[in-house]
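Input: structures, listed below.
Look for chain A in each of the two complexes below; its partner is chain B in the first and chain C in the second.
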Partner chain A sequence: MTQYLLQISLAGLAQGSLYALTALGLVVIYNASTVVNFAHGAMGMAATYVAYVLISQLHVPVPLAFVGAIAAAFILGAVVQALLLERLNGAPILTQVVVTLGLFMFLEGVLGLAFGYNPRPMAPPIAIAPVTVAGLVLRPQDIVQLALLVALGVALAALFGATKLGLGMRAITENTYAARLMGIPVGRVLGTAWGLGVLLAAVAAILAAPTTSVTPNMMDTIVVYGFIAAILGGFGSLVGAVVGGLILGVIVNMIDAFLAPELAMSIVFGLLVLVLYVRPDGLFGRKAVQKV
Partner chain B sequence: MPRYAVTVPVVIIAAVLPLVLQLIGERQVYWLFVVSEFFVFAIVAISLDLLMGRTGQISLGHSGFVAVGAYTAAILNARFGVDLLGGAFAGGSLAAIASLFLGVPATRLRGHYLGIVTLGFGIAVDQIALKWDALTGGDQGLHLHRPTLLGLDVGTPVLMYYVALIALIVATLLVWSLTRTRLGRAFAAVKDSEIAAAAMGVPVASTKVVAFVCSAFLAGAAGGIYAFLAGFVAPEDFGIDSSLLFFAMVVIGGMGSIPGAIGGAIIVDAIKNAAATVSGLSLAILGGMIVLVVLFFPGGLKALLRRHAAKRTTLDRTRNATVPLDA
Partner chain C sequence: MLKLDHVHVHYGRVQVLRGVSLEIPDGSVVALLGANGAGKSTMLKAISGILRPSRGTIIFDGEDISRLDSSAIVRRGVIHCPEGRQVFPGLTVRENLLLGSYVRGNPRVQFDRVIDIFEALGPRLGQLAGTLSGGEQQMLAIGRALMGEPRLLLLDEPSLGLAPLIVEYIFKVISKFHEHDISVLLVEQNATLALEFADWAYALSHGQIRFSQAADELRDSDLVRSAYLG
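After this line comes the complex of A and B, so read on.
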């Protein structure tokens, strides 16, 4: 039984690393621009289609195709920031939510028009057989996912904590106007933050693609869990997003194994509402102060 | 231009439409159903506008309320033979109770969180309807008896058309009156600034809960009517996709306006029906429209029409300038 529980938790951590990567991207964007990007999953999905076209139609080598897709994701993020969000600077939260939702619908619809809704296969990038360690089955891809999560998480923490770019992002969150006066190139910093955030979504989507297949709605479930992970982590905390994603992955896998997989998302949302009752700012969040 | 100069002809056209369809004779039943369905969707759009446009609270799971109402009406009708009025009322009431599940967290959640929690509500209702098949029929759905209203048989397409039309008129009048009460002004105050509203003595938390309850009641009642109109309910009618459609109706129509919500419902419903055969097309068009509306026409259809009207009479311009919240 313990063995079984450990195995489920392990698979949960691997699945959770996808939620955590998605949540990290959401948090990076939120931290710089205070916008929750509802088009996050769709943008990651669009980048996965870039990888898919490069691999299966243009026969580009797989690693190169991934680099291309991730670069495309960065550009997509920066362009969306410059074309859409820049114009909505200072608009109410509702307006910003509305525009990212419109973008989500648009991207899913356009890719559905271009490629149809039939799932398209994507070969796993690492085709090594699972190994057994102390009775636990370890999939190489899971280990790569977790390692990637840790590496990207540390890199982001360093970026926010120790670079001028990260300092600029934090300054813009604090007060955009003052940041501009201090000579921070606000547009460029925000574009970079959006690019990085969408890049993280693309990493999650490409990692998920071998199991979900490439479809216009491949990220729908993952991005909803990504939102929940970010909320659990306090929306704004990088550590919170990672821990929230990993915990969520384990919980979802436990529900799948012991309760009802069809109700997984309903149960998770019930839990989320409970958590928000007890801790309205998530597990790692600082208390939000409303300014006049 | 006085308000009734538009409203009266629109109502008259809607009232004689079945006769016109009768004269044309071509696919009459189909078109009656399409327009009746639109009336019901317009009620949902008005209810969502009450929440989003008037009170500033986002809901991305509004079809969850519609589903609760539709299933309540269907189950009561199939098992106990409850009629249309009872079904719609019970559906609205149960949806209102379900909304407390969202409205109470809403008092503690701001903008983004609320969007995500309501999204989850919509998904959860869908999943539960599929899973709890002993009650809902699961993916097989649930059939209703021929609709009756207060002992009268209203099971023909023409009669159901008038039922839906009257329901839309009643919903419009209810919301219109509501916005002119103390409560309606409290909604507007919460939307503009929660801090200012609280400072003026508006109980912000309970006002939000009441907005959720009112909106959910209307959406649930519309769901109940929809169940009788379609004669059948199944989970796929109430997924995330339909929540996004209702959302698009409100945004495209222009938030905070009943004519806007109805106009948005016409546009979105027409695009949905016209583009139904090509998967992805309606989603792409509506998503693109939402983005364009937010960037270039922040007031939506409502503001476009009003700008047009204002060009014609200076009187309207001054009225619009002084009473921006007036619908």
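After this line comes the complex of A and C, so read on.
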């Protein structure tokens, strides 16, 4: 039984790393621009189509195709920021959110039109058979996912903690007006933040593709769990997004195994309400201090 | 060093500055006086590129900077220390200072210099800026501006809401800027104080310059005092 529980938790952590990566991207974008990006999953999905076209139609080597897709995701994020959101600078936040909702539907529609809604297969990046360690089955794909989460998480922490660009992003979050007075090129820094955020969504989507297949709505469930993970962690905290995503992955996997997969979303939302009831700022959220 | 020539600024459809001309000679302290809503802060924002003039030119060192963005203007050494201090409350004092040199290369030397000027900040480097007292925040705001290695410093209401002792200290620092070839455009509610430190003064009302005069003459002029300075 313990063995079984461990196995389910392990698979849950691997699945949770996708939620965590999605949540990290949401948080990076939200922290810099205070916009909740509802097109997040769709943008990651669009990047996955780039990988798909590169691999199966242009026969580009797989690693190169992934690099290309991730670069495309970064550019997509930066362009969306520059073309859509920069124009809306100063508009009510709700307007900006509605724009991202529109973009979500636009991307799913356009890619549906171009490729149809039939799922297209994507082979796992590493075709190694699972190995058994101490009775636990380890899938290489799961290990890669968790390792990528750790690597990207550390890279983000270093970016925000130890680089000028990261400090600039935090300054814009704190006080955009003062950031401009410091000579920080606010538009360019926000574009970079959006690029990074969407890049993280693309990594999650590409990792998910072998299981979900490539379809216009492949990220719909994952991005909802990404949102929940980010909120659970206290929307704004990087550590919170990672921990929230991992916990969520384990919980969802437990529900799938012991109850019924159909129940997963409702139980998770119930738990979220419960957590927010006890801790309104999430698990790692900074208390919202309002100064008069 | 800086020359505004018939600068007009609109906020949407409201015109705030109506053809303002002003000059700041090298190494001088110029005071900008006027009632609330006269357009003083708007003028600073136009110079630092936060607002774009609808007409007129702003010449800095022979170059028209009125169409440049704020980042390019900061890089030329025009630094705006805003009203209300506007520190980054959730970042440490050290991070606040480093952000002041965002467009500069190695901030080390300037950092030490600023800590030397504002000794009170030294022991507080690791503290969040939001936890500082008002006076310390003002020192941080000015120190942060100095981190940008200004040649022209735009100072908006540095004495606002501070205890007299701290005001005196801060103005003592400002009065030494000319030794470092820093010119100052000073917006100050407290006209008596401003005139004490300024070489030249302009009075702004309803978006237009009403007069300009040497500060020491202005100090003794009763007419001006009663009309504009209160």
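In the analysis below, the second predicted complex is superposed on the first by the 288 of 292 C-alpha atoms of A that agree within 3 Å, B and C clash if a C-alpha of one lies under 4 Å from a C-alpha of the other, contacts with A are read in each partner's own complex, and residues count from 1 in each chain.
By definition in this document, contacts are C-beta pairs under 8 Å (C-beta built on N, C-alpha and C of every residue); 3 or more make two chains touch, one makes a residue touch a chain.
Nothing here was measured: the structure is a model prediction, and the numbers come from that model.
Peer 1: Does chain B (first) or chain C (second) touch A:228, or do both, or does neither?
Peer 2: So A:228 only meets chain B here.
Peer 1: Per the contact definition in the header, classify A:263: touching chain B only (first), chain C only (second), both, or neither.
Peer 2: Touch partner of A:263: chain B, not chain C.
Peer 1: Please indicate which partner A:82 is in contact with in the superposed arrangement: first for chain B, second for chain C, both, or neither.
Peer 2: neither
Peer 1: Applying the document's definition of touch, where does A:175 land relative to chain B and chain C: first, second, both, or neither?
Peer 2: Only chain C; A:175 stays clear of chain B.
Peer 1: Common interface residues of chain A with chain B and chain C?
Peer 2: No residue sits in both footprints.
Peer 1: Applying the document's contact rule, which stretches of chain A touch chain B when the two form their complex?
Peer 2: 36, 38, 84, 87-88, 92-95, 97-99, 101-113, 116-117, 216, 220, 224, 227-228, 231, 235, 260, 262-263, 265-266, 268-270, 272-273, 276-277, 280, 288, 290, 292
Peer 1: Touching chain A in the complex: which residues of chain C?
Peer 2: Residues of chain C touching chain A: 48-50, 69-71, 73-75, 79-82, 86-91, 95, 98-100, 102-103, 130, 144, 148.
Peer 1: Using the touch definition from the top, list the residues of chain B that touch chain A in their complex.
Peer 2: 52, 56, 58, 60, 101, 105, 108-113, 115-117, 119-121, 123-124, 127-128, 130-131, 194-195, 240, 244, 247-248, 251, 278-291, 293-295, 298
Peer 1: What residues of chain A sit close enough to touch chain C in their complex?
Peer 2: Spelled out, the residues of chain A in touch with chain C are 164, 167-168, 170-171, 174-175, 177-185, 291.
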